[in-house]
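Look at the two complexes coming up: chain A is in both, with chain B in one and chain C in the other.
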Partner chain A sequence: MATAILEIENLSVEYHAGRRKLPVLREICLSVAAGETLGIVGESGSGKSTLGLAVLRALPANGRISAGRVLLDGVDLAQTQGATLRRLWSRSLRLIPQNPLAALNPTLKIGAQLVEAIGGRRDAAEAQAAALLARVQIADPERVMRSYPHELSGGMQQRVLIAMALHGAPRLLVLDEPTTSLDVTTEAAVIDLLADLIAERQPASLFISHNLGLVARIATRTAVLYAGEVVEIAPTTTLFQQPRHPYTQGLLRSLPHPGLRYDHHPLQPIEGAIPAPGTLPAGCVFAPRCPLADDRCRRERPPLLAIAPHHATRCHYWHRVMLDGALPAFVVPTTVPSDAPLLTTHRLSKTIAQRQSLTDIARGKPAPAVQALSEVNLTIHRNRILGIVGESGSGKTTLARCIIGLTPPSGGAIELLDIPLAPLIHQRPREHVRRLQMVLQNPQEALNPALTIGEALRRPLIRLGGLDSKTAANRVPDLLRLVKLPPEYAHRRPNQLSGGEKQRVAIARALAATPDLLVLDEAVSALDVSVQAAVLNVLADIKERTGIAYLFITHDLAVVSYLADDVVVMYRGQIVEQGPVAAVLRPPLHPYTEALLAATNPRGVRLREADATGTAPAQGCPFQPRCPRAIGEICRATPPPWREAGVGHRIRCHIPLADLQVAQTHNEPISSEH
Partner chain B sequence: MILRYLFRRILLLGATVLVSSLIIFLICRLLPGDVARVLLGREAGEAALAALRAELGLDRPLLVQYLDWLRGFVLGDWGIAYSTRQPIRPLVLERLGNSLLLAGATLLLALPLGIGLGVWAGWRAGKPDDALINVSLLSVTGLPEFVTGLLLIDLFAFRLRWLPANSSIRPDATLGEIAPQLALPAITATLVLLAYIARLTRTGVINELSQEYVRTAMLKGLTPLTILRRHVLRNALLPTITVIAISLGWLISGLIVVENVYNYPGIGRLLTFAIDRRDLILLQAIALITVVIFAVANLLADLMYALLDPRIRLGDE
Partner chain C sequence: MNVQRLGRAFFADPATAAGTIIVAGFLTLALFGPLVAPYSPTAQNVDLIRQPPSPSHLFGTDRLGRDLFSRIVYGARDMLALAGGGTALAVIFGTLIGVSVAYLGGWLEELVFRLFDGLLAMPALLLALLLLGAVGPSRVSVLLVIVVVYTPIVARVARSVVLTLKPRGFIEAARMRDERLSYVLWRELLPLVAPTLAVEAALRFSYAIFLVASLGFLGVGVQPPNPDWGLMVLEARNEFALAPWSLYVPAAAIALLVIGVNLMAEGVRRAIGES
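Moving on, here comes the complex of A and B:
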């Protein structure tokens, strides 16, 4: 390994909360070479961001480095202050944060913000800013420099911050979940760009993420953080193939792997939750959740032990951590439902008028209207799971809201068991409301903080289930058990639960009405992998037991292939492909489906970013402007036809089916035009 | 789009004023007390009272009276004050001008001072100087205007003899003559407004300082002062603008106490006068003009905010 330029020695960090001191990082030792990317993974709250901010000396006001050194090119950052620190910040230390919109000043133009970072003479800085924007693949730097942050798409905002972080000669780059707020397709492009730029500018980089798959693509070595300690560190491939810490192994077992299905290889979530800062157990921090823990673990804190070159783990019994053999991929038999459909949509459409800002009006931009849904036909059957995938803006959430009756469609119809549904929920008979329930992405918004869990669950039982309040109260423990929560939780309030537990309560509440269909809009997306695994298992279990149907909206194709029976692929409000999950995803046929899948593949096709302001072309294929396989004039001018690709499998593309299949069997590279 | 928005807002403004005018009219008419009796005194006979009522048009149906009043108001004929037998419009407008002058002087004092103190306190939040600013502002605001007013008069007018205690302004006075008359009332009103503006600014600054873009600016290597000046201030002051515009409305109508303490010839004192004399028609005019000023100030605030913040979107919903 090349010599390290960043050396973190015994770094400890604490936060002050009132008069209490909360230690959040303990004796962290890491080193990173120039041009190297070290991955940092761990559950939410494990201290990843704190580590990143501490090495940049950018901790919030109540945070403090309590011990240790952070050597960058031999200079101890922990001891640097004032003007020296500011000079280091402007020249060498850089951060690319999770939420690019929040990291940009909302009322300053992009150009001004870049120029300020670059410094020096204004015209020179401006020229350099434009060059940097071009370097991060922004097509029209001049226009972007004149824009305000909110006028750019998330991917563009993040590119601006990348440009800002990479001017000059950065020595230390901290990437704190830089793509978490982006679409999969954009994420793929941004990760490629980052890998490129790191190779070019050679800073030492820390890549922080809770997404293990992503880390595997960019980091050469990876450290696993748990409760403020490095519990394992190894070259990334070694870590993924031969984890030597029970926690790392637990994280890996929580991930849905391609080809594995819930009914054959259920995920194995890690039980329990990460300890809160200030409540660390005496011995091994992982002992309360570790399946291998014994008395020694609870008594004696394990040291970070080197067990092979570049591989160290903090576990007494690392040699007992069993390796998983490669699991056989299970091919889902393509089943076609025979019963009558539960719910169907017929040419469902929705147009949403957008608001405009005064500055836009002054510049004479026309008021935009978005076709959020366009002639969507789909069918949902009992005891089946329908996955809906697509980038943000593809109309997934609008579809869910139309079905539930939160927003009226502009055209088309929805039928429940052949009976047309009223457009809005308050116009629907109670029976219809009961049958269709929804769980949102953010349980925070869905649960009333003033109600106990028990009260929150009793309400729908009484209102929709028609139970009297005594019977309803008696049903609450059953509901909690259904989502694998202890019945005592009925007395807690939402703020006493973790994110995953809250989401399970939200599911339980939706189930209280014994619906026929549960709409889940990105319901597991915000959760840590281990928590996500637990919730997915709960969902699979409930479906097997009750025969309920799910409409499962997600951007995560691994989750869809793990759980769904059928899948609908949406682009800009239109369905471009639909069918049984195995037929649609393996191999992908439609160019857009292909691009979505390729986004998780380091060498896959990359899509041009969707323009935030652009609308789909009026005629022709909506995907045409970004389609890597577009075949010319016909794609631009004529809407593609639906083609039957198999039983219940339909594709909307001009390329003949046989050609699409041939392209996949030979895995033909796409002639890229950009 | 913008024209449609403006048109809608102005229509809304018109509706607000119309509804308010009806309410004002009804309240004034349902108030106990007979105008004719007040004007002619206790001894007046029934016949004289009836004659006066007929002369003032008070014997007509309420609706007719209301419509007549409203039409007159819109056309610029605001009627004759019962009490002084003078035309109302020039009187009210002159007093309004004086009040605007006082409000302007107050804002000129209160804005820089309040914003300055607020920024300082927010920047140094939690430190001793922040606490000092907070406590002093609170104690100043805690005193009612008439107490501060009387204390100021005692100090500046009677002990130091720097400024007049009584602020009577002649219509033909020059600015140099007016300034000393304005000083004490403006200072008193400033003290009332100061804590409000300062606290608002302080909250804005603290809120902006916790935003992530401040960290971005810090990591650019900017000095704390540059960060404050270039990044924090503009965003922190945005919400203050709305409040200032609204307080303009408040200033003009809410200075009753201050105007009375100093005998300042503004609209507030005219209001007390009208109430005193049971001059309902004058009262109506003052109330309605105040409503108009409030509504216009609000509209201006919204427009200004939308112009300064590129994120604000105008439109339906």
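Moving on, here comes the complex of A and C:
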């Protein structure tokens, strides 16, 4: 390893909350060489963002470095003050934050913000800004310089911030979840770009993320943070193949792996929750959740032991930690449902009219409209899980809201057991409302903070189940047990629950009146992996026991291949491919499905970013402008036909099926690996 | 937030505690007025006109020989009943209208709140004068004026909170079970609007005190010989040179009560904001 330019020695950070001092980082020791990327992973509450802010000396006012040193090129940042610190900030220290729109000033044009960051003479800075934008693969730097932040797509905004962070000669680069707010396809391109630029400019980089798969793609070494301590640090491949800390092992077991299904290889979530700052256990911080813990662990805090070159772990019993050998890839049988459909949509369409300027109204122009759904036909069967995947803007959520009746469709029909559904929920009979329920994405907003968990769960039983309030109250413990929560939770309020627990209550509430179909709109996306694994297991378990159908909307293909029986791939409001999950994903046929899968592969194909204006071509294939396999004029001019690719497997593409199959067998196998 | 914590919020720091004590003091005066006041508020004594403060007349007497302390004590009753009652009614109506109309939305919301915006475009005192000109001065019309002037303001505050709550998941969840309107409004939304409204109520109360006093001073509110503080300022104004205390005393009472209510409201707002 080259000599380290960033050395963090025994760094401890504490936050002041009123009169209390809460330690959030304890004795962190890390070193990073020039051009090296160190991954920092951990669940929310592990202190990973605080670590990034502390080394940049950008802690909030109530946080301070209580001990330790942060040496950058031999200078201790922890002791640096005033003008020296400001000079370091402007020349050497850089941050790429999670939310690019919040990091850019909405009132200034991109060019002005870049010029200010670069400094120096104005014309020179402008030329440099344009060159930087070109370097981060922005096609039209001149136009982008004249744009305001909100006029750019999320991926473009993040590229601008990357340009801003990489001017001059940065020495330390902190990337705090830089791609979390982006679509997978954009994320893939941004990660490639970052890896490239770090190699070129040679800063020491800290890549902070909750996403293990992402860290594996960019970081040469990775540190696992838990409750403010580094519990394990190793070269990334070693960490993933031979974890020597039970927490790392738990995180890896919580991830869905390609080819493994819920009914044969259930995920193994980590029980319990990360301890809150100020309530750290006496011995090993992980002991309360650790399957290997004994009295020694609860008593005696393990040191960070070097167990191999570059590999250290904070566990007394590291030699007992084993990852199950290579997991056998289980071939998913392509099953076709035999019984009658539960719910079908026929040519379901939704156009959303946009606001129009007064002058356009006066000129009698028709209001511009976005085609959110275009002639969507799909079928959901009992006891099956239908996954819907696609980027943001693909119409996944609009589809869910039309089915539930929160948004009226503009065309087409939805039938429940062959009976047409009224467009809006309050026009539907109580029985139809009961049969269709939905769980939303954000667990923090799912429950009313003013109501106890018991009250929240009683209400659907009374309203939709037709129970009186006493009988409903008696059913609440059963509902809590269904989602693996203790019955005492009925008396708690939402602010006493963690995010994962809230989402389980939201699932219990949706299931209370025994619906036939549960729509899950990115219902596990906001959760930490270990918590997500637990919720996925609960969902699989409920489906096995009750025969309920799920419509599972997600951007995460690994989750779809773990859980779903069938999958629908959507692009710009249209279905481009649908069929049994094994047929659609292994190998992918449609170029868009292929690109989605390839996004998690370091060597996969990359899509150009979608145009921020959001208008698809009027005729032809909607995916054509970004399609890496487009075959010419026909794609631009003619809407692609549906082709049957197998039993229940349909694909919408001009390219002959045989050619698509050949393309896949000659490529490297593409899989959603982590 | 539970009752104990709310109780503590009233004494969270010295300024808040001072405000609470001032308000509680005036409340006590109002409630036990006849026991505290040594004289009748309207009893005239021609032998003792314009007496400066003395042990027998704590705050002195006015030009008719009425005991100013007794008039302040009885005036506190009127003031707190009118300002308090008016504020309470305005908060109730404002909440009912604000929460329900904001949740329902659509053209009804546009209509109601544009109307309210129109009302609010006029200065409160001008609106009050117009209304009193129409219905004639009396205690009931002062109460009515406070309700009309402050209901739109409370409704707007309630609306702003409801608009932030409406897109949240738990309200969507209620829609997904086709929930009864009354349940959504009063069980789901109201408890979350209540803390903000409590702060707004305290603020409105202090403005209402000022409004009642202003109307009295302008001679269109509570009528003589009632011991209204604003009216007392008006009557004392002409003989400031002869009996300055008869002006200082009611003016100080108004200022003290308004300051007390504001200090208390500010403390409670901070406490709610932190929780």
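Just so we're on the same page, the second predicted complex is superposed on the first by the 652 of 674 C-alpha atoms of A that agree within 3 Å, B and C clash if a C-alpha of one lies under 4 Å from a C-alpha of the other, contacts with A are read in each partner's own complex, and residues count from 1 in each chain.
In this text, a residue touches a chain if its C-beta (ideal position, glycine included) is under 8 Å from a C-beta of that chain, and two chains touch if they have at least 3 such contacts.
As the structure is a prediction and not an experimental result, all values here were calculated from the model.
Touch criterion met: A:P460 reaches chain C, while chain B stays clear of it.
Of the two partner chains placed by the overlay, only chain B lies in contact with A:S90; chain C stays clear of it.
By the touch criterion stated above, A:H491 is placed in contact with neither chain B nor chain C. Of the two partner chains placed by the overlay, only chain B lies in contact with A:L104; chain C stays clear of it. When the two complexes are overlaid on their common chain A, residue A:H16 makes contact with neither chain B nor chain C. Once the two complexes are overlaid on the shared chain, A:L56 sits against chain B while remaining clear of chain C. Taken together, the two complexes place no residue of chain A in contact with both chain B and chain C.
Note for the complex: chain A touches chain C at residues 404, 406, 425-426, 428, 430, 433, 437-438, 440-442, 445-451, 456, 459-460, 463-464, 506, 509-510, 513.
Chain C makes touch with chain A in their complex at residues 168-170, 172-180, 183, 187-188, 191-192.
Partner chain A is touched in their complex by these residues of chain B: 1-2, 211-213, 215-223, 230-231, 234-235, 238, 306-317. Of all residues in chain A, only 56, 58, 86-91, 93-95, 97, 99, 102-108, 113, 116-117, 119, 148, 150-151, 161, 164, 353, 355-359, 361-362, 367 touch chain B in the complex they form.
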